[in-house]
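Note that the chains take the letters A, B, C and D in the order they are written out, and that residue 1 is the start of every chain.
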Amino acid sequence: MFDTFPLWPARASTTAGSVDALFIFLVTLSAMVSAAVFTMIVVFAVRYRRRRGVAAEQIEGSTALEVTWSVIPLFIFVVIFVWGAVIYFKERTPPRGATEVYVVAKQWMWKLQHEEGQREINELHVPVGRDVKMILTSQDVIHSFYVPAFRIKQDVLPGRYTTAWFHPTKAGIYHLFCAEYCGTQHSGMIGQVVVLEPAQYEAWLSGGGASGSMASNGQNMFQQLGCSTCHRFDTQGRGPNLVGLFGKPVQLEDGRVVTADENYIRESILTPGAKIVSGFKPIMPVFQGLVSEEQLNALVAYVKSLSQSPTGAAGGPTVVPSGAPPQEPKVQ
Amino acid sequence: MATAVIAPERENYLNQEYGIKSWLLTVDHKRIALLYLVSITFFFFIGGFFALLIRLELLTPAGDLVQADTYNKLFTMHGQVMVFFFLIPSIPAVLGNFLVPLMIGARDLAFPRINLLSWYLYIIAGILMLHCMLTGGVDTGWTFYTPFSTAFSNTKVIEAGLAIFISGFSSILTGLNFVVTIHRMRAPGMTWNRLPLFIWAHYATSIIQLLGTPVIAVTLVLVVLERALHLGIFDPTRGGDPLLFQHLFWFYSHPAVYIMILPSMGVVTEIVPCFSRKRIFGYNFVAMSSIAIAVFGFLVWAHHMFVAGISLYSALIFSALSYLVAVPSAIKVFNWTATMYKGSIRFSTPMLYAFGFIGLFTMGGLTGLFLAALGIDVHVTDTYFVIAHFHYIMVGGAVMGYLGGMHFWWPKISGRMYPESLGRFSALIVFLGFNLTFFPQFILGYLGMPRRYWQYPPEFQVLNVLSTAGSTILAVGYLLPMVYFLWSMRYGKLAPANPWGASGLEWTTTSPPPTFNFEHTPVVDWEAYDYENIPAPEEARVAG
Amino acid sequence: MPDSPVAVEHHEPMLQHHFADMEQQRQASSLGMWLFLATEVMFFGGMFCAYLIYRYWYFADFATASKSLDITLGTVNTAVLICSSLTVVLAVRAAQLGKRQSQVVYLALTLVLGLAFLGIKGIEWTSKFKEHHVPGASFHFEGSVPGHPDQPVDQQHAQIFFSLYFAMTGMHALHMVIGVGIFSYLLYCAWKGRYTPEYHTPLENSGLYWHFVDIIWIYLFPLLYLIDRKK
Amino acid sequence: MSEHIVPLKTNVAVWLTLLVLTGVTAGVAFIDLGPFNTVVALVIATCKALLVVLVFMHVKYASEKLIKVVVISALFFLLLLLGLSLADYTTRLL
């Protein structure tokens, strides 16, 4: 019955190593402190147990001792804080050029879609040794994308994107859990992350029924929904020129400057009135409720592909904007 | 054994009047304490029953004891009943109500009628909660996270929310009563640095109760409004922000964990000096650390939300502040240990519970450092590591302190001595059962088993079986004291005024004390914990 | 402090058994009232926090929605509440001076002003109801973002403003209703002459409560009504 | 009784100031001060609140300092709630 009885989680990503290092440091530190406190209690209890005729010696206290065991823990805590913060900082800043996977969490299943177009349910195939950045959103309640082997966890919020990334280092099949309570089948919303050797991954990639990369799907949606009528790629369209937009700062009508990340593009599609680019009139129709999460992800992927340099597009076919030569776009 | 001849049954607060009305309409803080004792013990065993069902379900990886929805309701109601109906009222409402006036030499709390109102609010909330549980229960988790609680759960969220809203006011009124009593009704000579540290701990707890509870009250009102009128305050599809709910919820719920632990710290700070016959080490530091815990407790709430989607920089701020709040707890542990140095230590039951408290609270506090470290928190939050951490603090700390306090003051409350050997045995059982239940969960947590799981992958089974085994031992450990406390009410030896030779005004009056606590208002002219001039109880009467 | 035996003869009718003297009782109840007001500050504080966050997020929509509120009624209401604060202060002062007659007059005036406030509030809410600005299924808000006449306001953000508007003014109105209830009881007691210069704690504490409810409105008025009135 | 009786003149003066300040804050709202509109509105509201607390609620004349400590600590914890939650919202790259 107890075929496997692991006491330590698999270590299959770069962050796993650094998290384990801090964890082991803290375990040893806690063991030492607990041992010190326990042995002191036992020694005092035995050494100074009540004996006839031996009265207790009253000690008022000593400020020096109090200060030492306040300041020393504080220093140790600062070290632990900084160490933990460094790991967290790395975990929260996905590296540039990572392959992107769009994840849509739905009550009790994970729907994942690779940039190249492969769609997967409760499974994620990734090659060893390449950074994978996940763009997560939820269709209903808060879920949480948790892969213990990679030591990463990120709550998936409805209504906006959250991101998480990992760099797999060891091939194998690892658990994927939903870690934020989300209803009846919360414990059933699990899956697998399959890390393959690069060769096997390419085989899987070609085998998969990819119906065109997300960016190309996004381009079709772009035409279909009539976005191209206003967002032209020469500069005098009624909507802002989207080529080279992703990741750049955008000057808004009310003076604020925001960076055009995935959440900005998503919000501009769903509720365009929230942030108007300066110099443009607020005439864009609201797409909230007209566009499904998958279509939204495709559109965002397409807009992002417009800003990748023609050669650097990760894997996907480079999408040359139709017609206009790709000269340096003027970003307001 | 030379049992001191006890005068014929003198008039005290228990036998002064009889009848249901004398109990249900009493304004005597001691009787209200007993009313609270009965009601929270009732809720403790309901919550414990739910806990046993959860542990039984988790014996096997598959979900085969109860259905998924029932399991979700079990852990939700286990959380809500234990947090709001046992842990928060337990020591303040029972030991606090009974002892605060006695310890400062007052005849009663400042507002006796408000004290009774606080109990009635608790009972109304309890009945509403019971009705909610019996007619369907609620499955949102004790944290009521939106948008699940406002839009997706079809269980009785409004009813549970109102029940907890009302129980919040019971907690506020108790806090208010304590602060005013401690400020205004101290006996002459009882200056602030002569107060027992039990009083300091309750003063700090009351600050949190007063300033934290209203925020969760208004948050629950907003959740009920949103659910009833389909507003959009916390609903992301209508412009709301679920994280705002989490901010408002944890602004109270983190200080609430200090409401639960500070009174137990107060109890242990009374027990350790008494059974070491020594003054507390560093009185001012221990007193100030209680206040520091209360104030810093309000700075750290978002360490529950590191992976929830808050901004990177605010996560850094809250992580740093969380380390600040760990320092006062460390000071307390070191001071308790230092108090035993060069003492004359006796191993009566309260002292065993105090040892258990210090040990388990130290481990609970240290694992808190893991969770405050951002890098590790990403991996272990929402897993069984967090479950183990807060159970080490709540069950290992708060409940151990509560039981220790109950044993320590039981002679004063009931006028009877509990059976000493049975007491020690139950302390040992609780300690062993507790560790067997919750230590495996640390390993489960780091292995990555998420919390609130009805079914789990098979490789986690061994540790879960150990944990379930431990929980049954723990259940027995908790049943024992209730049995022999009741037994001692009838057959226990009559307790003298000061069976432990403890310092403190409550030991200067008779056991059980008269309705007005003191024959004459005491005048305090001695320092706190002056054990050098209190004779230790004769060896003969108190075995070992 | 004399060693007062337990069964002290109650030379002062209003002294409760567990207090040593009237001064200790008065100080205790005053501190108790102030602590209760501290809990009320945190209670309304939670809603102010929600208001602050959403105003930071949706400033333009909040400004437009706030413009639809009737500013004259708001200002009049603030003045009414400030006058009621004055009459409360004068009532407490009359109790201190032992003038029963003016106590009754000022308390009656306070009640009238309190009911006037609730009346005006009622008018505002019914007009909001008619304009379909009450959050819920029938919510519909016409209006354009300030500075962009052609850009319509986001319905959802406007609905959040009105949710907060009704939640905060509703909770404030509920506290007003409780206040009116307390003050009618005080009016009855003052009329019976129970409040003397030695003992008028209930009047004093209720006065503190009333002033607190006034302060909440002093902040609610600018935050809800005056977000962005300039053209 | 023991505590200080506030002269009628002071009460009426404070009352008038409060009414004037109400008028001012309502009037100033129509003048375009850019971002300072909110600041001015809040400053005026705080002045009014201070007047009510200090004079009408006798905090200025109260003998013991405890009441002042309670008022200040309530405000401190309120600002804590507002400030630290703003720390998240202002730095969140939504």
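Keep in mind that, in the parts below, contacts are C-beta pairs under 8 Å (C-beta built on N, C-alpha and C of every residue); 3 or more make two chains touch, one makes a residue touch a chain.
Here the structure is a predicted model, which is why all the values come from computation and not from measurement.
Per-pair counts of C-beta contacts peak for the chains A-B. When every chain is reduced to the mean of its C-alpha atoms, the one closest to the centre of the whole protein set is B.
Centre-to-centre separation of chain A and chain D, using mean CA positions: 43 Å. Rounded to a whole number, the gap between the C-alpha centres of chain C and chain D is 14 angstrom. Rounded to whole angstrom, the centroid-to-centroid distance between chain A and chain B, based on C-alpha atoms, equals 37 Å.
Looking at chain B, one finds that residues 183, 211, 215, 243-244, 247, 251, 312 touch two or more other chains.
Within chain D, contacts with two or more other chains are made by residues 66, 73-74, 77, 81, 85, 89, 93.
The set of chain A residues touching two or more other chains comprises 160. Taken together, the chain A residues at the contact with chain C in this complex read 253-254, 271, 273-274, 276, 281-283.
Contact residues of chain D toward chain A in the complex are 93-94.
Those residues of chain B lying in contact with chain A across their complex are 63, 68-69, 72, 139-141, 145, 147-148, 151-153, 236-237, 242-243, 276-285, 306-309, 312, 315-316, 319-320, 323, 326-327, 330-331, 333-335, 337-338, 340-347, 355, 358-359, 362-363, 366-367, 369-370, 372-379, 381-383, 443, 446-448, 450-459, 461-462, 531-532, 536, 539. Interface of chain C with chain B (complex): residues 1, 3-6, 17-20, 24, 27-29, 31-32, 35-36, 38-40, 42-47, 49-50, 53-54, 57-58, 135-137, 154, 156-157, 159-160, 163-164, 167, 171. Of all residues in chain B, only 106-112, 114, 172, 176-177, 179-181, 183-185, 188, 210-215, 217-219, 221-222, 225-226, 229-233, 238-241, 244, 247-248, 251, 516, 518-521, 523 touch chain C in the complex they form.
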